[in-house]
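Let me begin by presenting the structure, written as structure tokens, before commenting on it.
Just so it is clear, A, B, C and D label the chains in written order, and each chain counts residues from 1 on its own.
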Amino acid sequence: MEQKAKKGRSIISIIKNLRRFRKPSIRAVVPERLFEKCDGCGELVSKSSVEKRLFTCPECDYHFNISAKARMDMLLDEYTVINRLPRFTNPIDFPGYKVKYRENRKKSGLKEGILGVEGYIEGIRLVAVSLDNSFFMGSMGSYIGEEVARAFEYAGKRDLPILVFSTSGGARMQEGIFSLMQMAKTSIAVDRYGETRNLYISCMTHPTTGGVTASFASLGDVILAEPGALIGFAGARVIKETIKGELPKGFQRAEFLRDRGFLDDIVHREHMRDYIHRLLKLHGYRSCRI
Amino acid sequence: MEQKAKKGRSIISIIKNLRRFRKPSIRAVVPERLFEKCDGCGELVSKSSVEKRLFTCPECDYHFNISAKARMDMLLDEYTVINRLPRFTNPIDFPGYKVKYRENRKKSGLKEGILGVEGYIEGIRLVAVSLDNSFFMGSMGSYIGEEVARAFEYAGKRDLPILVFSTSGGARMQEGIFSLMQMAKTSIAVDRYGETRNLYISCMTHPTTGGVTASFASLGDVILAEPGALIGFAGARVIKETIKGELPKGFQRAEFLRDRGFLDDIVHREHMRDYIHRLLKLHGYRSCRI
Amino acid sequence: MIRELEERLKELEGKEKNLRLLRIKRRRIISKYGSKLIPYDRVQLARHEKRPKAKDFIENIIVEPMFFHGDRLFADDKSIIGGIGYLEDIPVTFIGTNKGRTLEENVKYNFGMPKPEGYRKALRLMKQAEKFNRPIITFIDTPGAYPGVDAEERGQGEAIARNILEMSRLEVPIISVFTGEGGSGGALALSVANRIIMMENSIFSILSPEGFATILWRDGSRYREATEVMKLTSRELYDYNIVDRVIEEDISFSLKDFENNFLRLKRAIVEELDGLMEKTSHELVLERQDKYRKIGGEL
Amino acid sequence: MIRELEERLKELEGKEKNLRLLRIKRRRIISKYGSKLIPYDRVQLARHEKRPKAKDFIENIIVEPMFFHGDRLFADDKSIIGGIGYLEDIPVTFIGTNKGRTLEENVKYNFGMPKPEGYRKALRLMKQAEKFNRPIITFIDTPGAYPGVDAEERGQGEAIARNILEMSRLEVPIISVFTGEGGSGGALALSVANRIIMMENSIFSILSPEGFATILWRDGSRYREATEVMKLTSRELYDYNIVDRVIEEDISFSLKDFENNFLRLKRAIVEELDGLMEKTSHELVLERQDKYRKIGGEL
């Protein structure tokens, strides 16, 4: 839907007036009600207080699921979409994929599960990408893999830092081996971007699993996560079946991963913008505005 | 004593007739008796059968402690000593070091705890170094550090592979900080040698501990050990004090280290020559003899 | 159908004592079945307990293999074997996933499912291959990465991602051979190669058919159906340009009967390697990365 | 003597309420004691619980430090802290060993004794510094590497050796500051640097005096004697050319009184860094490696 403003597939539409977007940014919080039950603590919390805290619970800091667009809106001064329009392809002619795809578009109001933009944080230019798990659970099909790779190439060519928010159920089963190969494609894009010595910040949000965890999301120069985010390669159900037992407390949560050495830091959504900004400055990126 | 044949400090003496050496090669096996008690299994084993098996027990494969010279004799076709003559230095003016040093020379019949040679295995030219724990427990003072570094430089300059047998009680306390710095010196020598893309085979023998484990011995392209060798950084006594408990079975033994990922292989002394030979060939080194 | 074929062969062996006739009759039966194999049969063949395992492939193709251990970080993962040896007279680094034939072996080798230390062991050996300018051959037969608590704790995702990235930039030729099962990111983490060769009856898929059916239809028992739609056979993947070469197989249920297959595979590897060794390290990396860069990029 | 000095200062503080006079009297007492310090006293000062810890040094010298976690392999070793921040206006990577002040803190930080994952965490951060061309400053205050079963299991020796080798070849300036205790290979693994700076009352030794006495004389209680012969003080090591610079210290038993020391140290680091940043990466590596290559090479 972000692409609505575009004139053609390869034309970048500069969006300065964010009000142009009609879709609601937040889905987890039903807009009709004043109070919402928090998934973290079960308390009834006021919608406006949650919104003010960038969709985190005032009682327990639970981080509500947000759309890619909401993510960009809260993080960037302004931005321009750099994704190409997705076109449905069915690489392994998977039965029923088209129908399912259409359903997902309808349900989510999105054309695909990724939003890539060029934008600014406190005047510092960067590329930002976010997956969106309301479309096909953020599963990585060819389009997402391609757009992730292109975002890295876009940033590398322009010597811009890149920031990627991941949330994904893993591979998109309906695209079979082509989905699997996106792990290689995106990892190679990270490698080539790395050659330009620009900064790649990966931020894992709830949930990030499977092929996304096992590719670009784990390859950031700096790897962050939102508090409580579920992060892992194998799914909890599969692991339980394998070990025939219960999972340890806090298993595959952000805090668990940090203690085991896989995250640089856990950053509260309210501090994310400041944190990223400091990181960018420390890596020599400067504001373009005077 | 190997240096006896030398005319001067920097002249390399070519030793083709090994009978020239008068010192006994093997210390663990007292030469006066026909039978010897094995430290591994406690059985009485015949000295000649132990000798035939390159000083390993016919009952339990226990590897007897052998001198650096015995090691070279059993491994190489022929060799030339490349060490410089050691001269006593007392870098931190440690009280009593000179007396202790003299005692060690007398007791061991060695001038220092290292033997570096250039030699051949099945006609393939290489540099071989062995520490000798009968001199000051093979502790790494400045001389040993220097000779290890020089051996790597010698090999690198001539594009030769290098094979290092370590056995060491760790740092030589009497040389204080200068001993510690040999860890850096030898590791840097390994790094520079690595730039020549020649092969460094490290073989840890019983016991290899402390600063030697934590420097060149752990930096081989291929790391081997003799069966049952004790290998570790911290001493068992210190660890017991720290954890206030007993050590697990097989702790710090070669087999333990292999299972934990730190050894490429454990090689029986009887197979060592063949194993090294195969390694050298696989790395493109060829016999100089036709 | 595979079980049926096996039984018919066993039956024949019991009856026909003339060796020449036996051979002819065997071939006839096999070719009759072979022409009718559906993907499900191929999955069964790929996983068959009597099918040669990666170690058998290595020992039949690599001369004088020396096996090395350990990741130099945490453990020696027994589900990954690797080392150096000769391919004809070229020193190469080989790496394989290690499946057992018996339950006991399989427990020891973790059913060919590596943990992070396995991928890191493979990477260590590959980096060493690069240092000494040795080509790398990987032999893949794995259900996938191990889905266990300890594997997650030690960063299964990180280990796979790291391997993919590092493999993609290694400056030596890499050839990957799918010998049996090639499942998921666990197979990909060992197969980012200049050339991918599949044995005819090996498979390569995003997930096991069982897992696929569970995820898509919430019903693991529909895995047979999954094999029909997943496009996991060598021929299908060849048609998709995912795989560079398929090695025709004589269907066999023993190491001995696999000889011709080994021979064909060896010939193919040598041929591919000859071509790759003429390339510069820069070309090798560029071509390898470009190949993956392009997959699924058409819109 | 250090305890005596502390008591006299405390006594004075109780008696003298005039702040100006207090300051003057304090200084007088300290300078009286300071001129008589023997190595044993320096060891006590270096280890003093009230002495600023590496984290204090970092927070007083690095502006806006951001702390990062983990080795990306096994764990986040809490005995190693590190991250990025500004030294004046230069972005740098800093790394420190983390000692606590209370028993509780010390248990959490393992008394400043890193395990292999700590060294690997440090190495990861240093490699990243190299990628982004950031100078590295390490702050060392450690009794040594942790001598425990798990540390040995995960390759303490390998981790230290690897760090030494990798640090020696990093293409960015490295400055190491000994802030308190610098013990054994565990300190060396974080201090293979272009410049080594020691706080006047820090120590750097092959082993703790206790360990030294135990090994040499089989009597750990003779550690006081050991301090006399080990040559572990900053001045002695400076005379041996092991250390490039000693930062004069006002003896202090609180963070507040340490301010001038921090200031002097900061000035020294900036000055050294200015010089180093004019060198090419090749020169940095060459000079660093050559320095260590030469130590103890005279015969």
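Basically, a contact is a pair of C-beta atoms (placed from the backbone, for glycine too) under 8 Å apart; a residue touches a chain by one contact, two chains touch by 3 or more.
Remember, predicted model here, so these are calculated numbers, not experimental data.
The greatest centre-to-centre distance from chain D, using averaged C-alpha positions, is reached by C. Distance between chain B and chain C, defined via averaged C-alpha coordinates, is recorded as 41 Å. Note: centroid distance chain A to chain C, computed from Cα atoms, is 33 Å.
Looking at chain D, residues 72-74, 154-155, 158 sit in touch with two or more other chains. Touching of two or more other chains is recorded for residues 260-262 of chain A.
The touch graph of the protein chains shown belongs to none of the named shapes.
Contacting chain pairs in the structure are A-C, A-D, B-C, B-D, C-D.
Chain contact summary for the complex, chain C toward chain B: residues 64, 66-76, 84-86, 91, 117, 121, 128, 131-133. Across the complex, chain D is touched by residues 194, 197, 199, 221-222, 258-265, 275, 278-279, 282-284 of chain A.
Residues 72-74, 120, 154-155, 158 of chain C touch chain D in their complex.
Residue ranges of chain D in contact with chain B, taken from their complex: 145-149, 151-158, 160-162, 164-165, 168-169, 184-185, 188-189, 192, 204-207, 211-212, 215-216, 229-232, 237, 240, 242, 289, 292-293, 295-299.
Considering their complex, residues 84, 86-87, 89, 91-92, 94-95, 141-143, 145-146, 149, 171, 173-185, 187-192, 210-211, 213-219, 231-235, 238-239, 242-243, 247-248, 251-252, 256, 260-262 of chain A touch chain C.
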